[in-house]
Every structure is written in C-alpha cells, then in structure tokens.
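Before we start, here is the structure in question, set down as structure tokens.
A, B and C are the chain letters, set down in written order, and residue numbers restart from 1 in every chain.
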Amino acid sequence: MQFLTYLVRGISLGSVYALIALGYTMVYGIAKMLNFAHGDVIMVGGYVVFFAFCKNGFNPWISVLIAMGACMLLGITIERVAYKPLRGTPSLAVLITAIGVSYFLQNGAMLLWKSDPKSFSSIVGINGLNLFGGKLQISAETIVTIITSIVIMIVLMWFVKKTKPGHAMQAVSEDRGAAQLMGINVNGIISLTFAIGSALAAIAGALLLSSYPTLMPTTGAMPGIKAFTAAVFGGIGSIPGAFLGGILLGIIENLSKAYISTQLSDAIVFLVLIVILLVRPTGLLGKKTTVKV
Amino acid sequence: MANNKKMKKTTRSNLLMFGFVIVFWAVIQVVSLTGHMTSKLNGLLIPVCAYIIMAISLNLVVGFLGELSLGHAAFMSAGAFAGIFFYTTVGATLPKAAALVISFILGGAAAGLFGILVGVPVLRLSGDYLAIVTLASGEILKNVLSALYIGKDSTGIHFSLKDQFSLGLKPDGKMLIKGAMGIPGIQKFSNFTVGVILILITLAFIVNLKNSRAGRAITAIRDDEIAARATGLNLTHYKLLAFVSAAVFAGIAGVLYALNYSTLVADKFDYNLSINVLVMVVLGGMGNIFGGMIAAILLTILPEMLRGFSQYRMFIYSIVLIVMMLFNQAPALVAWRQRLVSKVKGEDRKAEEKVETADASYFEEMKSKSNEKTGNEESVKEEK
Amino acid sequence: MALLEVTNLGISFGGLQAVAGFDMTIEKGHLYGLIGPNGAGKTTAFNMLTGMYAPSEGNIRLDGVDITGKSPEFICKSGVARTFQNIRLFKAMTVLDNVKVGMHNRVEYNVWHGIFRDRVFREKEHDMNKKAMNLLKVFGLDERAEYAASQLPYGEQRKLEICRALASDPKLLLLDEPAAGMNPNETQELMETVRKVRDDFGIAILLIEHDMKFVMGICEDITVLEYGRIIAHGDAETVSNDPRVIAAYLGGDDD
C-alpha cells in the first residue's frame, strides 16, 4: 500500500513535469531551440494565480485563465523580442539568450514580488479519495493534476494531427523554408507554439503550487530543468514522448526518494536519464535520423 | 613566405595574451602596494583568476571542439573536493608549499578522471543532448558530494552516503566531509600571484595544444565530423582529449577557488556556475581565448561593482546579457553594424565588402544548385 | 595484384537493397569512372569503399588486405582518400590548415611535443608546412594559404578538397562529382588537374561524375550503375554505345 501511495504521488509530480515538458518539446520541435526560460514562465504563472486567487479571491477557473493569458502574452513577447532576431544563428547563441531571459524573469520577479516565499493555497476545491479503508489516500490535487495532464496531452495530439494550424506546425517543424514557400505564416506558427507552451506552463504552475505550496522567484527553475530532461528522456520533439518522459521521471524521483535516499533522488533521476540516452540516443520515442554523407 | 607570416601572426596574438595577464598582475600589484586595494576588490582577485581559468578551459570544449558543455562546474567541484580533502588532511602535516602543489595536482587529476568517466560514455552524443547530459552529470556529482560523509577515528576512515551518525564514529573521531556542510575549517590560502601563474600555465597549455597537430584535429572535428573521419582522424580520441584537458584545468581552478574560503560546499558548483562560465565564453567570442578572459574579468567584477544597486544588479546583468547577445549575433543588427562601420571607414571598405557579399551569394547559389542536383541521390534516411 | 579488388559488394537499408553485386578492380595509376542516373547507388558505393557504411555483403581488398567494414579512419590510413559531392571542408580553418589536417597520419608527433613546442614539434611543423605549400602550389592555391577555407570561391573549394585528400598520401583517390556546379572552363581546367594528379602522384583515381564529357574525356575504364547494379563496364567507347546505358540515361522502351 505504501508503494502505491508513492507511485501515485510520483505520477502526480510526473504529470506536472509532463505539462512543462510538453511546452519544451513543442517549442523545440517547431522553433528548434531550447527555451531555457520556460521554467520561469511557470513561476510567473504561479504568481499570477497567487495574486488572483489567493490574494483577491477570484474564482480558481478564472484565476488560471488569467494566468494562462498573461503567460501567453509573456511567451509571445519573449519570442518576438529575444529569440526571433536570432533566428538562423548558431543554437548556442539562442541558448545563451534564453538563459538571459531566464535570469531576467527570475530577477524581475524578485524586484516585483520580493524574494520571500509566498504560501500558496490549493486551487482544487474538492475532496480527495480514501481507498482501501483509508490505507491509500489520494489527494484531490493529485487526481486533478493527473487528469488535466492526460486531457491536455490528448487535446494537443488531436490539435497537431487533425487541425489546420496543427498541420502547419508539423510542416514548419519539418522544413521551415519549404513551409514558408507553401504560404504558411511561419512567424505566426512559432508565436502560436510559444503561446500554447506558455499557457501550459501557467496550468503547470498552478497545479505544481497546489501540491507544493512554496512560491518564490526561483520556484520554476528546478522543475524547468527536470521537465527539460523529461522531454529529452521521452525523445525531444515528440508529444507522447514528453508525456511519458515526465510521468516516468516523476515516478523515478518519488520512488528513489522513498526507498533509496532523499538526498540522492535527483542524482538517480539524472543517472537514469544518462543511461537512457546512451542506450537510445534520441530518447524513448524520438525519431532517429542519420546524417547524409 | 605565407607560413612565416602566419607563424608571426599567431605568435604575436599569443604573446599579447600572455602580456595582458602579466600587465593585469602588475597593475594589481601596484594598486595593492600603493595602498589603494579595497577589501572588496581583494576578495575578488582569486575568484577572477579561477573564472579566467574556467573560461579558457571551457573554450577548448565549446570554442574549439564545438560541443556544448553545461557541466563545467562539476569538474571544478571534483577538483576542489579532491584537492581540499588532501589539503586539510594529509596536507596539514606537510610543508605548505608542497601541500599546495600536491593539492593542485590532485585536484587536476581528480577532475580529469571524472572527465574520463563522463566523457567516455557521453561524447558519443552531441549538440543539445550532450548539453543536457553534461548538465545531468554535474547535478549528479553535486548531489552525491552533498550526501557524502567522511569521518576519521582511531579505527580508521569511515564513509557514508546517508548521514553523520551512520559513520559510527568513536568519541575521538573527527568529521572530514560533512555532507551538505562540505569540508569545514580550511586554512585559507589566497595568493594572487599563484593565481596568475596558474592562469599562465593554463593559457600556455591550451594555446599550444590548439596550435598543434592535436588542436587542428579538434577544430577539424568541430567544422565537419564526417570529413574529419574520412581524413583519418580518430573522433573519440580527440574529443576526449579536449574534454579531459578542459576538465583538468577546471579542477585546478576549483582548488584555487576553494582555497579562498574557509568552507567548501558542493552546492556552490551547480549548473548556474556552469552557465556563468559558458556565458563568459560566448560573450568573449567562442574560440577567442582573449575575449573569454576579458569576459571572465568583467562578469566577475561587474556584479560586485553593481552591489550599490544590490537588488537591481542581477536584473541589469540579465538585460545586459540579452542585449549583448542580440547585438553580437542577430543577423539584422550585425548587418546594420557593418554598414555603420563601413560608413565610418569610408568608400574603400564599402567596395571591398560589396565584392565579398557578391562572392558569398555566389557560393550560396552554387552550393544550393549542386545540392539540388544531387541532393536526393542516395540519401538514406533511417527512421525508426 | 590489383590495388583494389571489390567483389560482390552489397548493402541494404531496411528493406531497400541500395547496391548489390558490385564488382570492381582498380589498378595502380589508372583513372576510373563510376556513372549512372540519380539514385543509382554511386555515392553509396563510395561510402562503403571508404568505411562510412558497413556493407551487408561482399568484400573489399586493398593491396591484398581485407578492409571490408573497417572504420573510415582505418581506411584512410590504409591509403584511400575521398572528396564529397557536397563539399565538406573545415570551413573556419585556413586553407593551409585544411591540408595539414589531411597529413594528420603522415606526419606524427604526440600531444606533449605540441604543448612544449620543442624541437620535434618545430621540425615536424616546418616539414608539414613545406609539404602542404608544395601541394597547394600544384593546384595554384598557394597564394590563398592563409584564407579561411569558406572564403574561397566554389571552384577553388573543390580543388582544396582534392588537395586535402592528396595530403593523406593515398594510393587510391575517390572523387565524388568533382565537376558539380562548375562552368565549362572550370571543368576543362579540372580535367587537366585530375590527369596531372594521376601522373604526378602515380595514384589510382576513381570518380563519380554526371558530366559525361568529363568522364568520357579522362576515364580509361567506366562502370555504369543503375538501381544499385552494374549494367555496363568498359572503356568510354564501349560504354557509350551500350544500349542498356543509353536506355538508362534517356529512358528505355524496354521497361
């Protein structure tokens, strides 16, 4: 029973990673860049929900919607101002800029909202589950997080596979130049991608903070890094891959915390990542392409 | 002949770099001898030296090998722990000079070993994947070191990855490494001259390596792996050479850095530090060792100088970083800058540039033509 | 004994048999051509000969030594050098350094000589510079020694790639479409250079080329590939009159 509790908690944490990783993976797939600042968008989303819901008592749905809107706007602005001018330059240049944006968001948050931790109250208003006569307790946050991430993953896959903008996204991901020649508005598609990724980050922020209620300007950094490894783990660029990678990462982290060592849990997560990449260099569900000679 | 001219040119720019380091040393000496040294600046001298060594060594991987490493701080950490562990234990019984020299050597060796341990499996990967794996290995080392407890008592040395109590030390025991608290009670040693000597050694090693047969192989691999293999270069060998050499110097920098403080904790060497060093390398211009050194100095001193604005300083730093990257790299801005420069320099320069760009577009055209013609042929893309 | 003996070489990717039953014999000091329509498997054959792909079947012998499936590094050291259809130079390096990288396994000294810049280092580097400049002179590139490889005009980049390959002191040189993207004058000049290389260096050359005038003009022995199989083989005269070759190029009515 103990094991099940840890497993469920792992899946819940993994679902948050999955939501963040989905944003990472979409941006990587379409804009071909590592948006290192993605984790910090989560933090911004967290603050927006905090002020709307915890401080001003807005309805939780409305609070999350406001946060999504704010993060979308933020994501699009970041892309337009900092990343777009660098399109076509070496990926390292873009990566460093993204790191700059990450610092900008963290320190901007520090100036605006101070560095003292804020205590977040859960946005989930329902009761948890008590199974097996109270032996297995599943919190409402856990349930909501898991369901939300599954629903979002399915919607996202449907969107990419079945809708017109989704097809355009695939085309831009395959060959940006060709897509442009086919009349696809590449800038628009990239903005859309950032908007979707950032909106997901806002949801992830609200859910993450509902389970782990300490909000600080650096709150997003570590989950961001973990989610990034989750995306790589699952095969970066692949939507189901990001989901799978996130869930597995959450489970591994929680189980190693429970059974091996709290201090070493991160080390174990990263070790598994390295091993996976060495065995399957493109991640679990990534596509393998060989360089043409 | 052209050869001689080239020899002269590289020698001259190398001498300039060494000269710069020596002038830097001399200026600091003058400042401190004339009593103008503030304690704030004095405290920064050793970190500046350590960061310069970090930036020079990372340039070998990022600038010359062309691979992205986000784990350079890990090698610094490995070196610092090995060197300081020796320094505070066995080293305490040795003459100070000997203890220091051995600490530096051990630090470099430990970091080099860790470099081999990480490099052998992961250098098969490249690009973003290599970046994330180096980041991951750095975080692993940080976590393991933070959980490492070592103590000594009359029965011998005890290890644990759990906590202090599971060591089962006798009452006469002494903790040597206290997990997240690290190694306490280091006898501080901060000597700017030693720092500068280490910089000069690093510089000599890496510059000479770069300008030798091995260095050419490393840059050739950066420019085109496939052509490098077809030219008979052993990729694994040279990638590892670059990676491990960089690690060794990072380890030495780690010892230097750690000696400057009374305690050594693993948390200091996290991915943020790796990223900071990477930023120095990129801002200085990848493959430009001199630029990396300048960036290391500025980026270490600048945030401290901005202390007056305390809370604004990292915010300003982030904006400077973004703006610098855009200004240096964005194609539109680069073109605008070139136009500006040619306007200032007059017509001659302009004409030259025109020819260049005409040539360039000619290459592009020809290249795409030949790609088009033959591109589809025999390109076998495996999708699994 | 022939310099290179290839028997029944074949490779498949997934279910696709890209090349099959590829036989070839190359003698020292001769010029060979490998032609065929797009997608016939010419570059794939090159990639197997140079170790880029491991063949699924067959055998390659260089000077009697089996080199089948060996690494590109090993094959280059054994004496097979190549160029690429889409030029692959070390772009950011100087023209001279490109050639010196080519000599990597011919003039050797270890890392420490380089670090300490001792006498061994200076002598070997001097030696290399001299050899490299002589080689560049053959191609009229000596004046460009200090340019970055990417600054050269297209035709000179092709030449430099050949120069780099020659620097590894090969017994056999493989040229993958050396005349691609060149105008008739440049092609004519290149033909002379290729012939000169063969004569001056006394090595065997095998080249892939789409420019028929080029191939027919200098190759003594031509092999024609179609759909991964050899459909004709012989001198220029024989090959250009072979009905299967004509059909392959002009579109036959027999299939």
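One rule holds for everything that comes next: contacts are C-beta pairs under 8 Å (C-beta built on N, C-alpha and C of every residue); 3 or more make two chains touch, one makes a residue touch a chain.
Values in this document were obtained by computation on a predicted structure and should not be read as measured data.
Among the chains, the centre nearest to the mean of all shown protein C-alpha atoms is found for B. Taking the mean of C-alpha positions as each chain's centre, the chain lying farthest from the centre of chain A is C.
With each centre defined as the average position of its C-alpha atoms, the distance from chain A to chain B rounds to 30 Å. Centroids built from CA atoms put chain C at 39 Å from chain B. Each chain gets a centre from the mean of its Cα atoms; for chain A and chain C, those two points are 49 Å apart.
Each of the following residues of chain A touches two or more other chains: 293. Shared interface positions of chain C, defined as residues touching 2 or more other chains, are 43, 47, 52, 84. Within chain B, contacts with two or more other chains are made by residues 226, 380, 382. Of all the residues in chain B, the ones that touch chain A in their complex are 62, 68, 121-122, 124-125, 127-129, 131-133, 135-137, 139-140, 143-144, 146-147, 161-162, 179-180, 226, 271, 275, 278-279, 282-283, 286, 311-312, 314-315, 317-319, 321-322, 325-326, 328-333, 379-384. Chain C contributes residues 13-14, 16, 18, 38-44, 47, 50, 52, 71-73, 76-77, 81-82, 84-94, 96-97, 100-102, 104-105, 107-109, 111, 113-117, 121, 124, 129, 133, 142-143, 145-146, 153-154, 157, 164-165, 168, 177, 180-181, 210 to its touches with chain B in the complex.
Across the complex, chain B is touched by residues 28, 34, 82, 85-86, 88-93, 95-97, 99-101, 103-104, 106-108, 110-111, 225, 228-229, 232, 236, 261, 263-264, 266-267, 270-271, 273-274, 277-278, 281-282, 287-293 of chain A. Against chain C, the residues of chain B that register as touching in their complex are 1-3, 5-6, 204-205, 208-209, 211-217, 219-220, 222-224, 226-235, 241, 359, 362-363, 366-367, 369-371, 373-378, 380, 382.
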